[in-house]
Each structure stands twice: as C-alpha cells, then as structure tokens.
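Presented sequentially are two complexes of chain A, the first with chain B as partner and the second with chain C.
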Partner chain A sequence: MEAFQGLIKGSLGSPAAIAGTLRETTPLLIAGIAVFFALRAGLFNIGVEGQLTVGACACAFVVLKIPGPFGIVLGTIAGMVAGGLWAMPAGLIKAYRGGHEVITTIMLNNVAGLFTLALVSGPMKDPTQEGTTTANIAESSHLPAVYDQNSLTISLALVFGLVGAIYLAGWFKRTVAGYEVRAVGANPTAAAVAGISAKNVIVRAMTTSGMIAGFAGAMQVLAFEHRFYGGFSPGYGFDALGVALLAGQSAFGLIPSSLLFGILAKGGTAIQIYGVPKGITTVILGVLIVVAAAIRYRKAKAVES
Partner chain B sequence: MTGISKRFGAVQALDSVDLHVKAGAIHALVGENGAGKTTLMKILYGALHPDSGQLSVKGSSTEFRSSAQAIAAGVGMVSQHYGIIPELSCLQNLMLGAEDGPIIRSEEARQRAEELARSMGFRFDWNADASLLSPAAAQKLEILKLLWRKAEIMILDEPTAMLSPADGDALFHSLRKLTEDGATVILVTHRLPEVFDHCSQVTVLRGGKRVAEKAVFETSKNELAELIVGKALESNEVRNPELGSTRLQITRLQVFNDRGAEALKSINLEVKSGEIVGIAGVDGSGQRELVQSLVGTRPISQGTITFDDLPISSESPAMRIAAGLRLIPEDRHEDGVIEEWSLEENAALGLQRLFPFSKKGKIDIRRRAEEAAKIAQRFSTKHGGLAQPMSSLSGGNQQRFVAARALDIEPKLIVAFQPARGLDLAATAEVYRGIRDACSAGACALVVSFDLDELLENCDRVVAMNRGEVFEPPPNKELDRDAIGRLMVGAQ
Partner chain C sequence: MIVLTILISTITLSAPLILAALGGYTSERSGIINIGLEGKMLMAACVTSLAAAAFNNAVMGALCGIGSATLLSLLHWLLTQKFSLDHIISGMAINAIAMGGTNFLDRAFTDTERTSGVPVLPSLTLKLGSGATFPISIYLILAFLLPGLLALYIRRSRAGLRLLAVGNDPDKSRLMGVRPLRVRLVAALATGLFTGLAGAMILSNVGRFTNEMTAGRGYIALAALILGGWRPLQAMLACITFGLFEAIQIQLQGTNVLGAKIPSEAWSALPYLVTVIALAGFIGKSRAPLGLGKP
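On to the complex of A and B.
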C-alpha cells in the first residue's frame, strides 16, 4: 500500500513529478501510435524500436548541421524518412514474399541498434566526449515547450502526440483509406474482393508506421535528449506494443494507455526508495495487458455465440 | 414420431409435430429455412432430446439418448456436410467408429465392403485416399457407411445439393433399390422436383408445425410450394424478351488454379444487356476460377474479358467495381463480410469508393447509414440494429444482406455465385427478382449455381461447365433440362 502511494506520489505528486511522467508518456504515445497503425492493418510491427532509433539518429545528424527552426523541421522530416525507409523492407517482404513481419522487424531492430552505435562511435561521435554520443544540439534547435512554469514543463511533442492520436481515430473512421487499411487487417480475402490491394496497403501501412516511429525518435532528440547516443531508446518501441494492445479498437485509447505506462515508468523509479524493485511495475503492466486481452477475447466469444 | 416439441430459448423450434414414415418408403420432408426440419431429424437420430413427444421405431416405443443408440436401433443420417475424413482411405472411412472389435481385419473388412458396394452397384478403390472422391462418390460412401452399420432408416439431408443431375438420378436409383430391400429413407430437401420424381410421401413443416402430410400423387407442385411458404409464390416468369447488345465478352480465357492445373481451357462466353446467363455444372468444373478472374482476384494467363468495350481483364479489381461490376460471393464469411464490423460498415464493403458511401476519399457516415438501412430492408434481413456486428446475423440473413448490397448502387454487371445459398424459397425468389429488376434496367448478370432447376427457373439461358470448358446447348434448347444436364457431365 505504501509502495502504491509512493508510486502515485512519485509520478503525480508534484509538478516536477507530473512533468517527468509526461516526458515518459510522450515517446510511448507517439511510438504507440506507430504500433497501433500497423496493427489496424493486421501487422505486428515489433520494429518500432529500431525505426525510432534510426529516426532519432537521422534527426540529430541533420540538426547538428543545420540549427534553428528550419533545422527542426528538416530534422523531423529526416527522422520520419529514415524510420519509414527502415520499416519499408519489412512491408515489401511481407507483401511480395510472405515473410513474417515479426521476424523481419526484429532483425532490423538489431541492425538499427548496431548501425547507429557504429555511427556514434565513429563519424558522428563528439570528439570531446568519452562515450558513444554526438555533440549536444544547439539551444535554438530545441523544440519549444507549450507550458513551462513552476517546474511543470509540457513539451510541444506531447501536443503532437495527442493531436496525432485524435486525428488518427477520425482518419480510421471517416476516410476511405482508413477504412481500407482496417479491412485488410480484419479480413484480407474480403478486402481483396472489395477491390482493395492488400499488398499496397501492407507496404504503405508498414512504411507509415515506421515514419511515425521515426517521428517519435526525432521528438526525443529535439524535445528531451538534445543529442543522440548509443543505446538511445530504453525500449520505448517494445513498451509501445503494450500501449497499443491496451488501447483497444480506437486510437483515442492510446492516450490513457500511454499515460498509464508513463505513470508506472516514472513511479517505478520513485518506489525504489521503499525497497520495492522497479521491476514490479513491469509485472503490473503484464497483468494489465493479459486482463485486457482476456476481456476482449470474452467479448469476441460473446458476439460469436 | 408423435407430438414432438422442442424449444431453444425463446424459440419454439418444433410444436407438437407428427411424422409417420412407412417402412420401405422414400419420405420427403420439406420446408423453409428454420421450419424445423433439421431439428426434427436430429431428434430422430438421437443428437437432440425432445422436450415432449413419443418416438417409436418399428412399432416399439423408444428413446435415443445418443446417436450411437440411434444407429444401434438402425437409424442413421447422411448430413449435408460430408463426414468423410480426407486423409483416411475409403475403407478406413467406411469402418470409422464401427470397427468389429479392437483388431481390424482388413481383408475381411474389404470383402464385406466389396459385397455391400456390389449390392448397391457402387465401385470403390478401397485403398485410395478419400480426398480423391468426387462429391457424388463421397455421398455414396456416406450411404455405404450407414449400410455398414446396418441402418434400416436413413436420413438424407439435401443429398443432391452438390451433384449433377445424372449423379442425382443414380443416387435415387440406388435409394429405390434400398427401399425395395426393406430400408426406409427420409429425404430432407428444398427441391420440389425430387419430391415428385422419387418420393411416395411428403411432410411439410412450417414455423415448427406440421402443416401437411400427403401422398405425393395427391398433391401438386403449386400446392406444395404454397404449403411451404404459407402463401402463393409470385412467379418469376417475366423474362426479358428483348435483349440488347453484347456487354460482357469473354474471349479464349485461360486460367490456372492454385495447384497450377488448367482450370479454364480457353473459354468463350458473352452476355447481352438485360440478360441473365446461368452457369450450371458440378462443383469444381471451373466456375470458381471463372468468377475470380472476372472479379480480378485471380490472374489470367491468356484471353481477354471486355465489358462495354473496356478490357477489364487488364484493370484492377477496384477499377472493375468502378465500372459497375458487383459480386455476390460464394463464401460470404470469407469473401463477403467482415464479421466483427457493424452492418453499417459492411454495407460499404466493396462500394467504399463509390458515391454516396464516400466522396473524394471521405466517408459520408450519414449516407452510409441510410444505404445500410436500405440494403437491410431490401430482402428483409433480420437484424438487431445496424450498429450490431455482422457476426450477430444468421447465415441466411447475412446472405440477404450481401445480395442486397451487390444490387444497391447501379450494378452494371452482376456476378453471382450461388446467390440463393442458405436461402429459403421465398427469399430465393426475391433475390432473383432483384437481379431481374437490375437487368431490366440495363444491367446483365452471370449466375453460377449447382442447382440446375434454380437456374432454369430464373435465367434467360443456361450454359454448362464441365472440366474447365463451357458448353452451350443447341439453339432453342437454352433452357432444356435434359440437354444441359447432358452437357454438365460431358455427354454431347
């Protein structure tokens, strides 16, 4: 009980704690959108982690060369393009050769991690520093905060994430393209009969998912980390799988679901002073996901019978 | 069977139904979907227990607690969905569940199987895999399975649904032979001609009640149809006397199936404006591949398909839909609907890019709801609200919805694969009337069915498919049952 109070206090108890929670929430939300998008098309994009990493790396590379607002825009685009290109092969292999996207994206994750590590160990390394990291980006290249008072900071990146989730919910419901993506995810043969090219949708959905993941990486660099370094993502791409699974059928669900993950991530660090291992929050998350899946399965069964 | 009642939840499936079948008779049981035929038969062979009522077999009152008891008493059923396991040999299938003791003596078993088959005039390669059996042969094996179990009362549920007329006739020939030897056959069927050609007694169920039990010679087709539906059926006799110009032209079309075998051997076919062309044939004659290549989900290797002078065979499926092609698919679960989606969302499936469902890539939710309501109403789909998932509908109601959707927005070329699948007589007539109305308004239609009578009744002309080829009956015999029946099995 004490630990639970500590968890809440550590994540929501003070403006600084809330700021920390929101900071954790932001990449989880945007990466969650990436996973969610692919999931609607019936694709399990485990590669968000790698796409996020190359996106962050590409963004840092551009922003280090071109500072200022123009650099921010260009860096964001670079991150999205890199993430998209990183995901596209998995989509192509799935569509034209039937290779399972889970396998290909996992392998691409490893390539992404090691490739970017090589870059920051060599060409992109800041020579003045010991570790495998780039130099810090210029102050003028920082993404501005929308609110910054009493040590409560809300980054523009979070706003992008919120707007993105809300927009996506409408996009899936109200556009033909969104309808067709969902049709391929729900029943590919019926979609084909309905004149929808599943191959096309799979490649585009995978690439878009990678672009969103790359966007998440770019936001990490521009809003929070201000540099790129080896081992950049502490597993946001994997936590995002949980975020998307917990979100349910609508993209709106990504918002509370990523917030919950954010609270547990931030609070988890706080409760260590009570001698409770941080891993307990992972256990809580695991239980939540299993329960959510069980509820959905029961609903599906109820509809069938 | 006397006074049989059975209730499922709120539905009274059977309401004190009597059924008296004389020994040695072929007794027909007819009725609409949901009339209670299947429930009654399940009670007879022990798969269901009646809430009340008496069952007596061969004069002694009995009660079956399981189908094993029923078969022990000599009652067996050949179901609509064949109970043949394709991986086993014919002999293994024959014996399955009725082996004499724990040790199988193959040689003795084969001899007995051979004798049984010979007595019926059947021939089987007992060691061959059952997967190689044609639908007709599988049906025969099912009957032998019952004989193997010494069944004296046999229930056959729609036995000719998958058979050519010739195979169907052969089946009835062997059934008659069985009854001469003292067996009794109960035939559940939708096809009235079978009742008149082969049965001696007929029982009509409607809404869980027995509405008539008659000797066949005392009744007529019209009377029977009226008894089944409860009202006089409107006849669909209106055919289009005037046909327009050719709209669909299939030229030398060659297509391969999934296993790489030639499924369509350079076929030619044309359909004129206002015309409904029926394609008869035994299942697996190439109908499926023809429909797929029309829709665009199967690549064609040679030949062309043109519609209104537009070579649609080189267009994407989406372009073909935009050109007016509409499909009532064979397998609605797989091809026609997305089960977990609402009826409203399913209403747009295939039509999602067309006005009024969407405009410039944006879905018009309000208009879609209106169209969905229209589609559901057209063939009176029973549903619990348009926001309910498609999976909440029964198969027949899904079929009504899917058929109505295909006719909803300016169809120009209607391709229908078994459009009446799972529908009762009244709904079947309604769907064909819908297709006819569209064709009167200038569309044309290609209808595939395994039921020749259904095609003869509703099409302007019927062609036969056999082993990947299309055979057109000679002039003035476009609707001649015998001529087409011969073409279906490859006899000229």
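On to the complex of A and C.
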C-alpha cells in the first residue's frame, strides 16, 4: 500500500512529477502509435525498440552536423527514414517468405542496439567524454516546449503524439488506405479477394510503423535527451506493445493507455527507494496485456453470438 | 587448433538451442504457436540459480528450474487453449512476465555475499591434444540424443501420432475421439521440460544468473525450428549452424579482416543477422503444421 501511494505520489504528486510522467508518456504514446499501426494490419511489430534506436541515432547524426530549425526538420526526416528502412526487411520477409515478423524484428532489435553502440563507440563518439555517447546537440536544435512554468514542462513532442493519435483514428475510418490496412489485418484472404494486394499492404504497414518509431526516436533526441548514447531506449518498444494492446480498437485509446504506462514508468522509478525492483512493472505490463486481450476476446465473442 | 576450438564451442553453444528448439517442436506440432521459448528459458535459468544456491544442491536447482519453465508453459496452455487468447499475445506476455519476474527474483533473493558461482551438475572434461578441453555435461548429451529419440517416438508411438494429428487438424482429431486440449497439455509439459533444460544448461555454463542472459536464444531456436521444417533432426542441424556462427563470432572478436579493424559489436551481431538472412532465404511456411494456432 505504501508502495502504491509512493507510485502515485512519485508520478502525479507535484508539477515536477507530472512533468516527468508526461516526459515518459511522450515516447510511449508515439511508439504506441507505431505498434498500433502495424497491429491494425495484423502485424506484431516488436521491432519498434530497434527502429526507435536507429531513428534516434540518425537524427542525432544529422542535427550534430546541421544545427537550427532546418536541422530539426532534416533530423526528424532522417530518423523516420532510418526507422522505416530498419522495419522494411521484416515486412518483406513476412509478405514474400512467410517468416514470422516477431522473430525477424527481435533479431533486428539486437542488431540495431549493437550497430548504434558501435557507432557511438567509434565514429560518432564525443572524444571529450568517457562513455559511449555523442556530443550534446546545439541549443538551437532543441525542440521548444509549449508550456514551461513552475517546473511543469510540456514538450511540443507530446502535442505531436496527441495530434498523431487523433489523426490516425480518423485516417483508419475515413480513407481508402486506412480501410485496406484494416481489411488485411482482419482477413488477408478476404482482402485479396476484394482486390487488395495483401503483400503490398503488409510491407507498407510495416515500413510506416517503422517510420513512426523512428519519429519517436528523433523526438527523444530533439526534445529530451539532446544526444545519442549506447543503450538509448530503456525498453520503450516493448512497453509500447502494451500501450497498443491496451488501447483496444481505436487510436484514441492510445492516449489514456500511454498515460497509464507513463505513470507506471515514472512511479516505478520512484518506488525503487522502497526496495521494490523495477522489474515488477514489467510483470504488471505482462499481466495487463493478458487482461486487455481477454477483455477484448470477451467482447468479440459477445458480438459473434 | 583454432578449428578444434571452434568445433568444441559450436557443440557447446548449439546444445541449449537444440533443447529449446525441441520445446518449440512439441508445442508447435501440437498446434500451439510458441513465441515464449525465450521467457521460459530465462525463468528456468534464474530459478535454477536461486534454487541451487538456496539448497546448495545442483540437482534441486535444475529440478526447480525445469519446474518454473513448466509452470510458464502451463500458463501459455491455459491462456491459449482455455481462454482462447491470441497465441502471439500470450507468448509475448509470458516473455514480459519472465523478463520482469527474473529481474525481480534476482534482485530480491540473490545472496549478494556469495562470490563463487552456484553449484551446477558435474561435467566430464575430456582432454584433447594440444591442450584443448571439452566439457561434456549431462545437458550436452541430452541435447544431442533427444532429437533422434523424439523423432522416433513421435513417428512410431500412438501418443506421438496423436500429437501430429492434433497439430494438423484439430477438428478431425476431435471426430476421431482424440481430445486436442489434453494432447496439447502433455505437449506443453514437454515444452516446459525441454526449455527448462535449455535454461538450466545456459545457467550451468556460466554459474551465475545475469539479467536477460538468454540473449534472444529462444527466438533463434524458434527460427531454427522453422528452418528445419518443424522436424527435430533438421532443426538440430539448423541449431548447429547457428551455434557455428556464434562460435566463429566469439573466435573472431578483435581480429582484423583484410587489414580493417572490425568493431566487436559487428561480430556480436552476426548470429542475429544470420537468423534474419536465413528466414529471408528459405521458405518454411509450406511445411508448417496445418493446424498451427487453430483452437
């Protein structure tokens, strides 16, 4: 009980705690959108972790060379391209070879972690520092905050995430491309009969999901971390899977579910002083995934009968 | 000399992959998609370490480790078969529970005073020429004997054929009077046993638990199973191939290729890259059990 109070207090108890929670929520929301997008096409993109990492690395690389607003835009694009390219092989293998995307994306996660670690230990390393990290990006390359008073900071990145989730909800409902993605996710055979190229949609959905993940990585560099370092993501990709599964059928659901995971992440760090190891939040995540899926199953069954 | 070293470490490194792949085999042949091999191995490695230290007994450690993997396997059976949960979601949830759970158990119960490794099952050390040693553990022997025995058992016994039948067409099996859920329960127990052995072996090679020490081997084993066309002996060959790449990777760390210095991370990434390329290059779908994932 004390631990639970600590969790709430540590995540929502003060303006600074709320700012910390929102900071944790931002990458979970954007990465959650990435997982959600692939999930609608029936794909489990466990590779968001790796795509986010290469996206962040590519963004940092560009922004370190080109500072200022122009660099921010270019860096964001670079992050999205890198994330998309990292996801594309998994989509291609799934569509044309039938190799399951869960295995390929997890393998690519490991490769992404090692690849970027090699970069920050070698060519991208800041020689003035001990650790495997790049130099800090210039002040002019920081993504501005939309609200910054009384130690409560709300970053522009969070706004992007919120707008993205709301836009996506409409996109799936109202556009042809959105309908195609949902059709393939619901039943690839039926979609093929209806004249939709399922293979094409699978590759595009996987690549788009990777681009969104890369965007999440770019936002982490521009808005919060201001540099890239080895072991960049503390498991955002895996938590994002929980966010997306908990969100249910609509992209709107991503907003409350990412906030819940943000509270768990921030509060989970706070309660470590009570001797509760951080691993317990991952266990809660696993249980939440099961519960969310079970609830969804009950609903689907109720509709059927 | 270098060839001998690579050969020995190939055998040692492929053994846990083979055991895990057999766990995948019994599960997937009965129709349960099993993405959670990794989590079961990790949990088994952690519990083996903790129990071996607590009882100061290697056998108790291994038994508890296998028990923990079996519990997770039963959870997967319960979620997918009784509650009709998506097999992939259930598998991922089990991996998450294992990842967080082992982190928690390790922090909460590991004796920080202990400086030596935990007791592990003894192994026979063969001394080969030119100073090379080859430790042969009980796990190693099992890993190379079980695929053949399992293939024979599944092909020749009543229970084995029932397992294949349930995995190929659960509806027809039901009509023939075989209960898929019961067959799958036995298969899940076997999966727990094999992944438990794999986890216990990984632990006994190192002697102490570290976070995420299975390092994706459960997924590599699953890829090997797919490449082997869901057949035990072929899957074993695929596992040995992955083991070979891992052995080469360890051997070549820090060496130069064509005068260029290769970062150690590039070598470490080799087994994972090989897995992706292997999945890209071979079609395994047509040989999958037809009833995979069906209720």
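The rule we apply is simple: the second predicted complex is superposed on the first by the 305 of 305 C-alpha atoms of A that agree within 3 Å, B and C clash if a C-alpha of one lies under 4 Å from a C-alpha of the other, contacts with A are read in each partner's own complex, and residues count from 1 in each chain.
The rule is simple: contacts are C-beta pairs under 8 Å (C-beta built on N, C-alpha and C of every residue); 3 or more make two chains touch, one makes a residue touch a chain.
Keep in mind that this is a model prediction, so the values were computed, not measured.
Superposition note: with chain A as the common reference, chain B and chain C can be accommodated side by side. In the superposed pair of complexes, A:F4 makes contact with neither chain B nor chain C. In the superposed model, A:G195 makes contact with chain B only, not with chain C. Of the two partners chain B and chain C, more residues of chain A are touched by C.
By the document's definition of touching, of the two partners only chain B reaches A:K173; chain C does not. Shared-chain residue A:L117: touches chain C; no touch with chain B. Once the two complexes are overlaid on the shared chain, A:I289 sits against chain C while remaining clear of chain B.
Shared-chain residue A:G98: touches chain C; no touch with chain B. In the superposition on chain A, contact is made by A:N187 with chain B only, not with chain C.
Rounded to the nearest 10, the angle at the Cα centre of chain A between the centres of chain B and chain C is 70 degrees. Per the superposed model, the minimal spacing between any CA atom of chain B and any CA atom of chain C is 6 Å.
Those residues of chain A that touch chain B in the shared complex are 173-177, 179-180, 183, 186-187, 189-190, 192-197, 300, 303-304. Across the complex, chain B meets chain A through its residues 295-297, 316-321, 327, 329, 334-341, 345, 348-350, 352-353, 358, 361-363, 365, 389, 391-392.
Those residues of chain A that touch chain C in the complex are listed here as 44, 46, 89, 92-93, 97-100, 102-104, 106-108, 110-111, 114-115, 117-118, 121-122, 238, 241-242, 245, 277-287, 289-290, 293-294, 297.
Taken in their complex, chain C has these residues touching chain A: 35, 79, 83-86, 88-90, 92-97, 99-104, 106-108, 215-216, 219-220, 222-223, 226, 263-266, 268-269, 272-273, 275-276, 279-285.
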